[in-house]
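Labels run A, B, C, D, E, F and G following the written order; every chain starts at residue 1.
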Amino acid sequence: MQGQNQQQAYDRGITIFSPDGRLYQVEYAREAVKRGSASVGIRTPDGVVLAAERRTRSPLMERDSVEKLHKIDDHVGIASAGHVADARQLIDVARRQSQVNQLRYGEPVGVETLTKHVTDHIQQYTQTGGARPFGVALLVGGVEHDGTPRLYETDPSGTPYEWKAVAIGGSREDIQRRLEEDYDDALSLGEGVDLALESLAEATEDGFPAEGIAVSTVPTETGSVESLSTDEIGERLEALDLLAEEDEGDAE
Amino acid sequence: MQGQNQQQAYDRGITIFSPDGRLYQVEYAREAVKRGSASVGIRTPDGVVLAAERRTRSPLMERDSVEKLHKIDDHVGIASAGHVADARQLIDVARRQSQVNQLRYGEPVGVETLTKHVTDHIQQYTQTGGARPFGVALLVGGVEHDGTPRLYETDPSGTPYEWKAVAIGGSREDIQRRLEEDYDDALSLGEGVDLALESLAEATEDGFPAEGIAVSTVPTETGSVESLSTDEIGERLEALDLLAEEDEGDAE
Amino acid sequence: MQGQNQQQAYDRGITIFSPDGRLYQVEYAREAVKRGSASVGIRTPDGVVLAAERRTRSPLMERDSVEKLHKIDDHVGIASAGHVADARQLIDVARRQSQVNQLRYGEPVGVETLTKHVTDHIQQYTQTGGARPFGVALLVGGVEHDGTPRLYETDPSGTPYEWKAVAIGGSREDIQRRLEEDYDDALSLGEGVDLALESLAEATEDGFPAEGIAVSTVPTETGSVESLSTDEIGERLEALDLLAEEDEGDAE
Amino acid sequence: MQGQNQQQAYDRGITIFSPDGRLYQVEYAREAVKRGSASVGIRTPDGVVLAAERRTRSPLMERDSVEKLHKIDDHVGIASAGHVADARQLIDVARRQSQVNQLRYGEPVGVETLTKHVTDHIQQYTQTGGARPFGVALLVGGVEHDGTPRLYETDPSGTPYEWKAVAIGGSREDIQRRLEEDYDDALSLGEGVDLALESLAEATEDGFPAEGIAVSTVPTETGSVESLSTDEIGERLEALDLLAEEDEGDAE
Amino acid sequence: MQGQNQQQAYDRGITIFSPDGRLYQVEYAREAVKRGSASVGIRTPDGVVLAAERRTRSPLMERDSVEKLHKIDDHVGIASAGHVADARQLIDVARRQSQVNQLRYGEPVGVETLTKHVTDHIQQYTQTGGARPFGVALLVGGVEHDGTPRLYETDPSGTPYEWKAVAIGGSREDIQRRLEEDYDDALSLGEGVDLALESLAEATEDGFPAEGIAVSTVPTETGSVESLSTDEIGERLEALDLLAEEDEGDAE
Amino acid sequence: MQGQNQQQAYDRGITIFSPDGRLYQVEYAREAVKRGSASVGIRTPDGVVLAAERRTRSPLMERDSVEKLHKIDDHVGIASAGHVADARQLIDVARRQSQVNQLRYGEPVGVETLTKHVTDHIQQYTQTGGARPFGVALLVGGVEHDGTPRLYETDPSGTPYEWKAVAIGGSREDIQRRLEEDYDDALSLGEGVDLALESLAEATEDGFPAEGIAVSTVPTETGSVESLSTDEIGERLEALDLLAEEDEGDAE
Amino acid sequence: MQGQNQQQAYDRGITIFSPDGRLYQVEYAREAVKRGSASVGIRTPDGVVLAAERRTRSPLMERDSVEKLHKIDDHVGIASAGHVADARQLIDVARRQSQVNQLRYGEPVGVETLTKHVTDHIQQYTQTGGARPFGVALLVGGVEHDGTPRLYETDPSGTPYEWKAVAIGGSREDIQRRLEEDYDDALSLGEGVDLALESLAEATEDGFPAEGIAVSTVPTETGSVESLSTDEIGERLEALDLLAEEDEGDAE
């Protein structure tokens, strides 16, 4: 077992291992991810669903500026959780790589290729001195050239994981438990959206206002990122009995 | 819970996370913002209002040299709060980017594009070693090409937020509360100026001398930054019963 | 003997020796290897076997994305144990070197040559400041130009070792003991696969689901990396009475 | 309130904020300014006055070598207070920029432009690691192209302030109080010189020897820096009853 | 005398002297050498003998991969003791220099020249910051152009020593004592090999398996490095009554 | 007042200010100057005198190799006190600048220009990290183009001072007091030399051997540095009753 | 007076002064010099003598490889004491400069010029961060173009001293005392060699074996470095009654 004093000795610098082989700075960056509101990704045979809770500090803040879902390319979207400013840097890395791939090879970047490019970038910030790790996790969802839907997670260590359905950010455990209970390989894309909303609701008692949730899908049929309108989200939340009053702004 | 001793261990260097996933240097930079006098931004259908309190150390100091409102381009202004010398650097970053955009694309930079360029710059100072974060928050207000009024906030972490109405700097909470109570989506630009002055007055008991406040607007009609004269400000303050005697200089 | 206090003084920075001539950071990186699930390599006259346990955090995670076996070139594979993101960097180093060798000399890279290129890379991270060592061990298995099967291990110090049969990662000691008891110079490739599975089973009481194990071989006959299908693995596990139910995801 | 122990934790490195948002190194550099002898600047409709006390360690030291007033260009002078060697670096920065402006634009640099160039230089030494801030404050006085007299102060944080009349260095508070009491927008340039001498005298009980004070003016009429001779200064000091015997050298 | 507390103050960074003029990091690197198994070098009129003990962690490890003897050029070999991965770097330095010499001067590098090139490289790692010293000692043995046999030692400080017979690594003192007792200037090369084996046996009670020892010679007659086969070594060990059973792997 | 503990906190790094605005490393470098033997400079209407005590550790040391007076150019000499090896670097800086001036402008460098070039160099070592300040003070004496004799002092902060007569190094206070008592604006160059010797004698009870003092003059008539011979110095010392026996070497 | 605790605060980094103006790292490097065996230099009208004790760790070590005397050029030799690997670097610096001088100016480098080039190199390692000082002293002896014999010492601070006769290394004080007693300006070169041997014997009770001493001379007649053979040294030691039995190796 590792006492508190001993722990302090190893968690100050990113580039060193603790005696039990851990990288504390990376683990603390994972805590930064948990401090953010949750995002969920679900892969169905008909496409990928990305959904995220958007919290605001004040009713005067534009919910749309709380960027949790990002379109990277026509066929790939990313959901984030954690340190917002860090997320923006990784989104930029992903977008640039997507353009580079298009220019160099004349075709859209693969979802897996893109994910691994991003995780390589993240890993470098955990090994080389002079910088802290990225305090953010990403869900990369999209459709490959051959029409296969893919869903990846990146974590602050720079490891890529592929998932059928996964949650990142605050209340991750609760949301993931719900996904494990209700996920089915044969979900339709619409059922995937519903499951995403229902699982996100595990983290709250009151449901969400329609503006409090962002949802994007990448259907295999079109292979293009599509964002649901606030009305569409509101209707679905209502149908699921998860629609809440627009509140006065929530703690972020 | 985080004891005082443990906190000290994580707040000395910018590039590391605390065990609960926080970046203390960024949070302390937010305190530097609170040490500055307040600025307010209000977006109305007719344009954007930026207003700032200007305090002086002595009646012999020129109030105009207390720069809180900055014209970046014809159609964009910035209000700042916090460490003044840091603000000047970010203003320069914004102005240079505005010129680069004009040269490269032959058209004025978008308000959102400009804001995100500045926040990317801010974020880098929070992740890479050898520098401290910027101790300043900015309000970026302007009118997009298509005539849409936009109002953004940047904070020391490098996160951009879009607002209908927002305060930064000292007494932020009080001022924001007033904005939330009185903001209305249908405000005229003039009503917006009045609300800006009234909300700033939440931070003082005595009102302001006309020279103690700077106000700029970017009306959608003209798409150009316009500064109110001291006389205009004085008249409005008087009408709002907020006009104070020119004082002997105030604590900054 | 070395007291605990004194030890703490020497394990904070990678570039220094302790009074008894040890590099603690390298030793701690070895602990990071033990935190990963195990991999096994076995060399037989007919070729090399690489096998690895693949654990998942949730039944919704795709086992295939838990990368433990990597094809480097037609004739060389690598199994890893330890910090996953670090492993990916070394895999990239190996793949690039393999391509460089092909381009420069017009022939596939030798297994020994490749291993030593990777260990040189690892060593540099243990001597020069500003970076931590790699928290990963690799098994490099393949067939040389002349048809000789080779099996190498790399450790976090950057030392290459050649083996007849070897385990890395969690429960290494138990698995290696089993290998030492049952290894025979005259094993067929199939018997090698069985021994790999049986030795990995030393680390568990319950056997494995077919998806929980990855197996590759490099037969001398073809000189090409071949991956066993889940079905093939399932059949072998069943024959060895090591097949377990697909579980609900295991602790990683 | 901030205890002494806690303060010590944040004032050792320049690049970090304290928990209450302060930059201690910049504040300590302000103390270095206070350790220097005072300088005063006064703006009148007829031009700008710069005056400085010059102390010597010994009667054998040449007072003229105690540089407190510096001619930057024909139309701009600078008075300094604080760390002398640091002041010389900033004077060089100002002179170079003045020449660059003349070469690039074919006209003299503006007083405000020049001041802001210098404050940008100062700010960089407060944010980027590996250097300490400048321990000096400057008064930049001059006449703009259009004949407007301008007076700016720069402080160790890199903030520019415009003033009607201002003191920097030792006894700043006493001198500034006198300026606030006696300053008048309609002072003639000669009255400005007298007020400068009288306010500097607030910091001493005995008056000054004529050699102990340096005075320069930039009249709007000529737009050129003019230094008063020791005789002129002596006559004025005598008229103001502030003339002291040449002493044996004073503590510096 | 130097107390323990005071010692700790000087041994953390390589680039500083202790008050009594010692470089602790270099001394600790010498401890790393002692942690390795021993190597021996013996110079006879007929050539140079290099011999080394090779320990393995497991009977499944290939003894040949425990590299203790390295051929640098046709006429020079190196035996190492200490940190294996560090030794590999110095071997590379030696090999590259050997090739450079051949290319530049068209003749094989001299044994002394080669040794001093390597020690210069080692010294730099003891004076310049940002790296630790090499934790390895080398024995450089070979025949000069004129047929003279030479034997050098390099230590972690970067000092070259020439020897008639010398041991490095674990049990160095015992082995060296035996060499001093039995060395004779008129040894034949074969007698040199026997003395090497007998002296290495000072460090064990049980003798060695034939595979547990590596022996190379550089006879003056041929001027070429020659490795003894396992059979030859076994015969000699048996004749010296030092042959042990192949064990189950020995502690390394 | 500043307690001892608090002082320790601010004097370890050169680049930081103490809470009372001091740069301790610069102040300690001034102590290094006091540890050296004294040098004296005297300016007379007929030229400049530089004189320095030269102490040796042993009678076998060549006094001439104790360099305290340095010829920089035909018309400029420098006397030093403090850390000898540091002085040599600044002497090189001065000589190079002298040559650069001659090459660039075709005329000898001015004494003031040269001094300020050297002090700029010194200042940089007090502000930028990674180096300590120069532990040396210099007296720069010479004759300007127009025949004016000039005498400057540089200190470890990088501040230039002009003097009529000044002492640096050990016993500075005593020597300076003597200079202040006996200096006269109308001294002949010969009287200047005598005063230099007499004032240096304030630091000793026994006078000096002729070899223990070095004296150079730069007469306005010739504008060329001239060194007095040991015989000339001996005669003057004898006339002043300051000649001592050649001793057995003195503590340095 | 300086307490032990306070001392520790200033001796950890090379680039800082202690409150009393000392550079502890340089002083500790002088201790490293004292840990080495002694070297002696003597200048006579007929040339320069360099002599050094050579200690070995074992009778099997080649005394000649204990390099204490180095030929730099035809007319200059260097004796060293202290950290051997550091000495080798400075010897390289001297040799390279000697070649550069020959190539650039077509004539041999002057002894003084060469010495000062080396001391400049040493000084840089005492002022700039990231490296420790050289733990070695050198004696540079040779004959100038005009036939003048010269003898210089360099110390770890980078100060050059010229001597008639001087000792460096262990027992320096005893040896120097003997030199001071017996040195005579009119020594013949042979008498110089004898004095060198006699003074070195001050550090031992038992005399030396002939192989335990190295002696070189640079006679003014030839201007060329000449090494005495072991036989010549043996004869002189015997004549001086200082010849000891070859021992079993001595502590180094």
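Basically, a residue touches a chain if its C-beta (ideal position, glycine included) is under 8 Å from a C-beta of that chain, and two chains touch if they have at least 3 such contacts.
Since the structure is predicted, the reported quantities are computational estimates derived from the model, not experimental observations.
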{"item": "Minimum number of chain-to-chain touching steps separating subunit B from subunit E", "value": "3"}
{"item": "For subunit A placed onto subunit F, the superposition rotation in degrees, Cα atoms, nearest 5", "value": "155"}
{"item": "Centre-to-centre distance between subunit E and subunit A (centres being mean Cα positions), rounded to whole Å", "value": "55"}
{"item": "Computed distance of Cα centres, subunit G from subunit F, in Å", "value": "31"}
{"item": "Centroid distance [mean C-alpha coordinates] between subunit D and subunit C, Å", "value": "69"}
{"item": "Contacts with 2+ other chains: residues of subunit G", "value": "13-14, 129-130"}
{"item": "Category of the chain touch graph - line, ring, star, complete, other", "value": "ring"}
{"item": "Ring order of chains, beginning at subunit E and proceeding to subunit G", "value": "E, G, F, D, B, A, C"}
{"item": "Residue ranges of subunit B in contact with subunit A within the complex", "value": "6, 9-10, 13-23, 116, 119-120, 122-123, 126-130, 152, 157-166, 176, 179-180, 183"}
{"item": "Interfacial residue positions of subunit E with respect to subunit C in the complex", "value": "8, 11-14, 24-25, 28-35, 58-62, 64-66, 83-86, 88-89, 92, 125, 129-135, 248-249"}
